[in-house]
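Notes for the one structure printed next.
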Amino acid sequence: MQFLSDNAAAVHPAVWKAMMAADVADSPYDNDALSRELDGAFSALFGRECAALWVATGTAANCLALASMVQPHGGVVCHREAHIEMDEAGAPGFFLHGAKLLLADGESAKVTPESVGAVIDPIRDDVHQVQPHAISITQASEYGCVYRPQEVRALAALAKARGLGMHMDGARFGNAVAFLGCAPGEACAGVDALSFGFVKNGGLGAEAIVFFDPEAARMIRYRRKRAGHLQSKGRFMAAQILAMLEGDLWLDNAAATNAAAAEIAGAAGNRLLHPVEANEVFLSCTADEREALRGQGFGFYDWGDDAARLVMSWDARDEHVSALAQALSRL
Amino acid sequence: MQFLSDNAAAVHPAVWKAMMAADVADSPYDNDALSRELDGAFSALFGRECAALWVATGTAANCLALASMVQPHGGVVCHREAHIEMDEAGAPGFFLHGAKLLLADGESAKVTPESVGAVIDPIRDDVHQVQPHAISITQASEYGCVYRPQEVRALAALAKARGLGMHMDGARFGNAVAFLGCAPGEACAGVDALSFGFVKNGGLGAEAIVFFDPEAARMIRYRRKRAGHLQSKGRFMAAQILAMLEGDLWLDNAAATNAAAAEIAGAAGNRLLHPVEANEVFLSCTADEREALRGQGFGFYDWGDDAARLVMSWDARDEHVSALAQALSRL
Amino acid sequence: MQFLSDNAAAVHPAVWKAMMAADVADSPYDNDALSRELDGAFSALFGRECAALWVATGTAANCLALASMVQPHGGVVCHREAHIEMDEAGAPGFFLHGAKLLLADGESAKVTPESVGAVIDPIRDDVHQVQPHAISITQASEYGCVYRPQEVRALAALAKARGLGMHMDGARFGNAVAFLGCAPGEACAGVDALSFGFVKNGGLGAEAIVFFDPEAARMIRYRRKRAGHLQSKGRFMAAQILAMLEGDLWLDNAAATNAAAAEIAGAAGNRLLHPVEANEVFLSCTADEREALRGQGFGFYDWGDDAARLVMSWDARDEHVSALAQALSRL
Amino acid sequence: MQFLSDNAAAVHPAVWKAMMAADVADSPYDNDALSRELDGAFSALFGRECAALWVATGTAANCLALASMVQPHGGVVCHREAHIEMDEAGAPGFFLHGAKLLLADGESAKVTPESVGAVIDPIRDDVHQVQPHAISITQASEYGCVYRPQEVRALAALAKARGLGMHMDGARFGNAVAFLGCAPGEACAGVDALSFGFVKNGGLGAEAIVFFDPEAARMIRYRRKRAGHLQSKGRFMAAQILAMLEGDLWLDNAAATNAAAAEIAGAAGNRLLHPVEANEVFLSCTADEREALRGQGFGFYDWGDDAARLVMSWDARDEHVSALAQALSRL
């Protein structure tokens, strides 16, 4: 009964099926028929013209997206607990050739126009200080919280007013949309480039970078190849993504994990450290309690000394979720 | 009847089977059971201790391997038609932070101690010139020719004598070993890091970087993550490679494509531009002849104005190969 | 009566004299007689063998020094108000190819083993997080405070225990030594590379990078050239530095500015925001008071809304310093 | 009697005088009165609006100029014997974050539209190959030859037609203008950014980067600081350049060295390996002859096994030049 992470979950059968179906001769790289469907598929999904590139990982997606808007001498404003700051091994510094992350505060790993302003307002426009070139936000956030459309819009408006690019790390974008119950385009309104995650949600090894200005994708095609991320059998990458989009599988899987998290949250009561809006639950929990839970067969990560993180995977079994909820209730 | 390239061929059934079998819960990244088997599997294959990392592409494999031996202010000696020079979009400049490729000559895209010496001997050891830090050779070469063990040894000895690292781009390493009929370790004797290719040979999207000094792999694990190449469901990467190693599938597939190329070569007679030692055939061929071949249903790339490149894939059908051979004979 | 900064002060007559004397034919770059004296001069000063390179700016000195100890995927622990973090336009990210600054706290811009530990202890030794490769401290600190020898030793011991390099930004190293009254080597005990500043102290445009492991200087000679910092008439760079070392001019100038700061500090009473140990005075001061001071002809920078920064230059006139002291007393 | 290089020559008295005169309090960096004069001075010289930045070296000037027109994934077409390729330690790779030099041929280190076309025409516009972003030419060339205005124009037209930036390395721009006898703007017609050298021509350590689109200079101001090239006492940098511009000192010095070279060329007869159009003379010369010349007190560099390079400095004494001419006549 594992709740460690959603990042190593099983691959959805529909994804396998699509990959097997793609095992026919076609052009290499992204010249195959499936890869050429991506722009259209995402344009349909978002109701506006966009261009989409596949890559194998969220780190590559985030950093290549940012490369479209950040010069080597610039900076990216993000939350100080953002994945790009905490968990990507300095990849932004690599892909952006030394550009810097500028760290903002905010509840539950969400930044606000105020917290972003607190970072960028004191930066003098002189050559001695790293100037901001972009804002990056995570939807849903690293603590499983979701930016409301008006929150995204306010940040995008700030970005636009300051001449900054706007990036969204959507490793769990599906969870955010499922929570909001809105059109996908509402959940990322005003964003220039979106890392749209599928691996945590049923995919095998394919994420999409969606550029809402198709022209911005042009340079990134060169950068993707240059970063060793242009796979020669790219049809298998596109196949995964198209399978996830087909019939809104991405949304259904995300909704199911959100529901599981809600069930856990209901049982966790006032232990909750953050609102549970996506598929992650952070709760206060003593070492003894954690040991007790583990003794009952539940796997999860400690979160510091007095807390635990529980993540719902799309393939978590209902009875395991219920068992966990009951175990939490009994604590 | 396509002979365009081997880089978009089908995935071998054994690879699919292994991937499906890997679709069970395990640790993320490269902490899963399969990924942890890689070091042992390659150590057994090469008869000496080595460390191996999976990555999705040959470009990433080559550049990460080189990153273990080249400082940003250094240079890599390679053939002027090497893949890293011609076809990787400047990826070495990215992964090596600005290091430079130093171009050597040689027949059939193979360098020699003399041609490498002609590049490095004139370099003064002063701070105004880029100093060589490594030699990179391609086995089999970009023209389908194979370094004999003594040739590899001589280059490795030169590298060692000059304090240079030694890298081998083995995108078609299987073809080289199949041609040589030697132990795999003989085909890369003295090499520090080998990019061992599987994608062209039956894999889906996994190559191995083999470090013959396991310690050298340590830093590259950080660099792989930093380059966005550490996939979270890494078990599917390892599964592909292990399936290819199992029962020497990599070698059998390569031998079959070599045999197909030999059949074509036999029919091509004195049209051959390079010895046919692996799975690629370069032959002189007028535009009219190429049109005639295409009219008969054969697909391949032009190679300049007066030549064609024909590449055998592991999944090429025997009757297609024979048909091509006959067509060439008839020209 | 300017107290804005020491970074644009006049050039000391002894420096001019030495530069003029260097205006004779000699070898280019750093092969001239004067540049070749630097290693010996610093070895004598520090009582141990060291190697020294000139560069034009403190930013170049800091970043090239760090390049000897930090890999592109690593990090540098420094104070969050360190010059390399705040005022060098992201130069560390450029020279270190994307390496990251890891920000520590501490009074008066001085870090401690504890505050450094608070940064590096939580870093898991896994590939997802940027690993520390070096510690950088500023002597005297950005708030004009001086690390005592035992403080430097404790940090150097921590660095050594963790396998980290140890860098000291000594843009105002002379002020620190003058304050401590110790041997220069005591003020940087355990440091691997020191940026030894002269420009703020009477030089025109030459700083020294002193490597206490001469071998470490080798690679940096290549990096200096590669960064465009190897001037062809290097003899004028060396001449400045040798003139500053001659007869301890660097120390006398620093002592004089320290004394001036002490005089101001005495007049500032409990307005002082930081101990005045070098040539900088930070004091609380309302906008009205600042306006009053400026009305009397004193130039200085605001430091936020309620404070001022006053910096003593080596060429500040005694009567101006006394006038400022009196003006402060009268506030 | 040294003819080794012009890069370590004496500093012109007018430059010293201007530097001494600049030794008064002013704003730091490039906010001083003199630095603020540069844009106007170069605009007047070239008869059009331009923006100019000082840096200490030609390497920094070249690479920062190129940074205004080349993306990290792009390439710069230059002659295979260009200074940026041969003698700058890989600095373009550093400043351009891994961008690549694409090497063109041409007599006397001058490229032509044809030789540039031979490099860029075969580059497919796909993501596998490094795309050209700029052309860089050296005026006068590394072999002392001068591009005629129509040659510069033809290359600039090619650059414009292909969407490439156009850079001129003018380390010896003065010599080129002196040879051509044209307006300075004619010698660099169509160029986007010019590295205008002064160090070889009487300066101490200041070169100018002249941007003919002033807007292009904006980003480079950040890059200059980030590269550690923004000196705090920048007034001494500007002073040198203004002194060299004053009364066309740059042109007079260059004309004098051209005349000296012409005298040597006259004596060298059919030994000349390249037309002598600037201040460098390359001549065939056996080892015995070189030894004989050195025995008479002449210093110069060997140029391979059978040639010598003789460079005239602005401070070379007429009698030394005449003595050399006579010695050559006697050979």
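Things worth noting here:
A, B, C and D label the chains in the order they appear, each numbered from 1.
Everything below uses one rule, namely that contacts are C-beta pairs under 8 Å (C-beta built on N, C-alpha and C of every residue); 3 or more make two chains touch, one makes a residue touch a chain.
Please read all numbers here as calculations on a predicted model, not as lab measurements.
In terms of C-beta pairs in contact, the better-connected of the chain pairs B-D and C-D is C-D.
Ranked by how far their CA centres sit from the centre of chain C, the chains are topped by B. Chain centres here are Cα means. That of chain A falls 50 Å from that of chain D. Chain D has its Cα centroid 42 Å from the Cα centroid of chain B. Our note on geometry: chain C versus chain D, Cα centroid distance of 34 Å, whole angstroms. For chain A, the set of residues that touch two or more other chains comprises 29, 72-73, 88-90, 94, 97-98, 127-128, 222, 225-226, 230. Contact residues on chain D toward chain C in their complex (touch as defined above): 2, 5, 7-11, 16, 20, 23-29, 32, 55-57, 59-61, 63-64, 88-91, 94-95, 199-200, 204-205, 222, 225-233, 235-237. Contacts from chain A toward chain C in the complex involve residues 72-73, 75, 86-90, 93-94, 96-100, 127-130. Remark: chain A residues 29, 71-73, 97-98, 127-128, 131, 219, 221-226, 230 touch chain D in the complex.
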